[in-house]
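These notes concern the structure reproduced below.
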Amino acid sequence: MEVSRHWRLQAQRYQLVGETCDSCGVKLFPPRDVCLECEAPAQELYTFTGLGEIYSYTTIYDAPAGFEHNAPYMVALIKLEEGPLVTAQLTDMDPSEAQIGMPVEMVTRKLRTDGEEGMIVYGYKFRPAVKELTAV
Amino acid sequence: MNVSIIGLGQTEVKEMWDTSIRHLAWYAIEAALDDAHISKVDALYVGNMLSGELSQQNHLGALVADFAGMRGVEAVTVEAADASGGMALRQAILAVKSGLVETALAVGVEKMTDQTGSAVTAAMAYGLDADYEAMQGLTLAGMGALLMRRYMFEHGLDVADFAGFSVNAHANGAANPLAMFRNRLKPERFASAPLVADPVNLFDMAPAADGAAAVIVTSREKAMDMVPQPVEIAGSAVATDTIALHDRRDVLWLQAAATSVQKALAQAGVTTEEIDLFELHDSFTVLAALSLEAAGFAGRGEGWMLARDGEIGRNGRIPISTFGGLKARGNPMGATGMYQIVEVARQLRGQAGECQVEGAKVGMAQNLGTNGATAVTHILRVAE
Amino acid sequence: MNAYNPTNGLMKPDRPVGIAGYGAYVPRYRIPAAEISRMWTGGTGGVPIKEKAVNGLDEDVATMSIEAARNAMIRAQINPQEIRAVWVGSESHPYAVKPTSTIVAEAIGAVPNTQAADWEFACKAGTEAMQAAIAFVGSGMARYALSIGMDTAQGRPGDALEYTAAAGGAAVLIGPADESLALIEGSYSFVTDTPDFWRRAHADYPSHGDRFTGEPAYFKHVLGAAEALMTAVNRTPADYRWAVFHQPNAKFPERAAQALGFAPEQFKTGLLSPRIGNTYSGSTMIGLTAILDVAEPGDRILMVSYGSGAGSDAFDLQVTERLLEARGRAISTEGYIARRTEIDYATYTRYRDKLKM
């Protein structure tokens, strides 16, 4: 049974909590404690907005164990509006809809279950940005 | 470098249902020992990625040393995902170069077929960032697909534009009796192959299979006394990049590959123009293009043109995948890097048979782990 | 039945409270009732609704609750650390034992200084949680409490319920009256032991009493609660601009509304079941969010839930000026309903995990 390896990442998986570099100000996701750009300590937490666009994408037909149930599914590199890329599944869309540059937004979905009896792992995925924001 | 190759061994690459991982390693070791006319070495480096996951067997150093009749010898497993093979040779070179070890054997071995199906796909993704890539369902092929899609987007290409790499690999593999695929590939069929991870299809991606290859190294002086045709290690360099594609400064630039090539060229005192052949890590066609660019054989976004223009063939400007490459020879993950070394050395010895690149004097091999997170570059040269 | 005085049954907190934020969620997929009918009756006979909402493979009550809760938080614009209760009412919690509510609380940043619990009372688990939240805030124990009604309801293949059992729901953040988009005048609960619908432990699908679910169950409790509440607050249907009832199909809520004396223009806006199905614990609450998306300051709303087993919770609400600025901050209920992808029965069986693999 896998438990703690997912539990300890809940802030990242549920809320896209990354870091800001104290020194050069760059935003980091996933958090890594040492800045990717300037190698200074980066420890200030930063919650990303979850908005971004598709940088690259694929549809996985040959799924690894644990993901067969969802195949085919889409995985993308998402360019977050704060700068970093993040690897995440695309959801609520058909492969034919995807294109590089498409605006997407973060949602929380089931990533995988640890077998029939194990825990359900939830985390970020991205879907086409829902434009409608005003009452009808 | 003052380190030379005195023995080469390799098995066929294919599904070997009746052969265990220890037997695979032994067959390659036995061939290399025979080639060098010796029966023992002072240290053994076993390059392997997946034995723990697929065969429930770790501690290959001791296991293989014992099985190969070298009980008691210093031995250890070297792991760097699909760069494990190249990295094992690197450790053997360091050992000999240090003077603490006189003769070292590096063997790359991978037993892919102890499990089947989605378990193997999952295992192949063990070299990815487990928390931030694999948990999103990304696979090794998916990673190749993300690279390929972006490459196609930035350079305005179609899937068919990558066909030249696989056509070349299969043409060379057809002449290699040890290759997994010995059929020629029709270019027009390339783009319509079944998808593995869109846009990567079965003809883009190297097939995983069983295999083992081994190389024995010793000091140059000793090598001269032992074998008629020692091949000199002229350059050996390793560099790393982030595992996760999303953490790389530039997704379409293999920085580790570029760094390791520059270092290896400097050690060898040669330029890319003097490289007669290049065994690169064509686990995906796009990776072949990116490797050619990182090594300096093509400008950014132009690596694919070398395939289009026939420059990568046996008589082209920079022959690659001369025994079929990962694509046609087959890709036994942690052994792949060692096959590359054996193949370059055979070219330099003039023992490449139908695959021979005429007059090859300097060859380069580059083994990539997790699509460029680790790059191991070796330059081999005919001993003077 | 014992005699009772509805006025004594009115549940009204000491401190005035209201809805500080609300959010809906409807998944993207729809299966037309005609497609289900094609499978089981050869397309003959009437269907109870036009189509129902179906959750995707990676959705469950936790993920759907998170999205509705996030919408409520966006509208309320409060610090999640000030929430003292996160309550999720559902009959399809992802775990048999392990709270859905902690997952939601974690995702919206409300942990750790909060209460969290899951509620279950067939289709009225969400409005029960609302009443408890009203009490939490009304007593002064909490400044904010979040109540959610959400379901991914299952109907046995071929059963009448399969046409309507749907996925969706809403989140309602209860807060002090002066921060409210809609004031809550009071609520009233009407409960008896009436076994019209149930699901035994370990059963995949619920069982029901067929026509017994009508008069002695749905209508008795919905009408009982609505009439008692209106008596207690001294109002008549004419005082309400909007009314919303639990909607297991299209017909029941319409009949209940008309029996009480409500006209179609009062109940049509909140009647979503013809287009999304019966979202169980979410059903009444998402009807309310659809009304809040269009209501005007001063409008009164009557909301009456129903949960099998059985009982109804009735609420009296009045919209404030604050609704006008808040509602545009998040996706509207109709916005979610318009986000529609039709699926066939084969896809539906896969998405609803009915395929044995």
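Read from first to last, the chains carry the letters A, B and C; within each, the first residue is number 1.
Assume contacts are C-beta pairs under 8 Å (C-beta built on N, C-alpha and C of every residue); 3 or more make two chains touch, one makes a residue touch a chain.
Remember, predicted model here, so these are calculated numbers, not experimental data.
Student: Among the remaining chains, which ones contact both chain A and chain C?
Tutor: none
Student: Find me the chain with the mean Cα position closest to the mean of all the protein Cα atoms on display.
Tutor: Taking the mean of all protein C-alpha atoms as reference, the closest chain is A.
Student: Using CA atom averages as chain centres, what separation in Å is found between chain A and chain C?
Tutor: 30
Student: In whole angstrom, how far does the Cα centroid of chain A sit from the Cα centroid of chain B?
Tutor: The answer is 32 Å.
Student: Chain B to chain C: how many Å between their CA centres?
Tutor: 59
Student: Two or more other chains in contact with one residue: find those residues in chain A.
Tutor: Where chain A meets two or more other chains at a single residue, that happens at 70, 89, 111, 125.
Student: Using the touch rule from the top of the page, what residues of chain B touch 2 or more other chains?
Tutor: Residues of chain B never touch two or more of the other chains.
Student: Can you tell me which positions in chain A touch chain B when the two form their complex?
Tutor: Within the complex, chain A contacts chain B at residues 5-6, 9, 12, 30, 32, 36, 55-68, 70, 73, 75-77, 84-89, 95, 100, 111-112, 121, 123, 125.
Student: Going by the contact rule at the top, pick out the chain B residues touching chain A in the complex.
Tutor: 117-119, 121-122, 124-125, 129, 131-139, 141-142, 145-147, 149-150, 153, 194-200, 242, 244-247, 249, 251
Student: Which residues, counting only chain C, touch chain A once they are in their complex?
Tutor: Those residues of chain C that touch chain A are 28, 56-60, 62-63, 66-67, 94-95, 103, 106-107, 109, 293-294, 327-332, 334-335, 338-339, 357.
Student: Considering the complex alone, what residue numbers of chain A touch chain C?
Tutor: Its residues touching chain C are 10, 14-15, 69-70, 89, 91-92, 107-111, 120, 122, 125, 130, 132-136.
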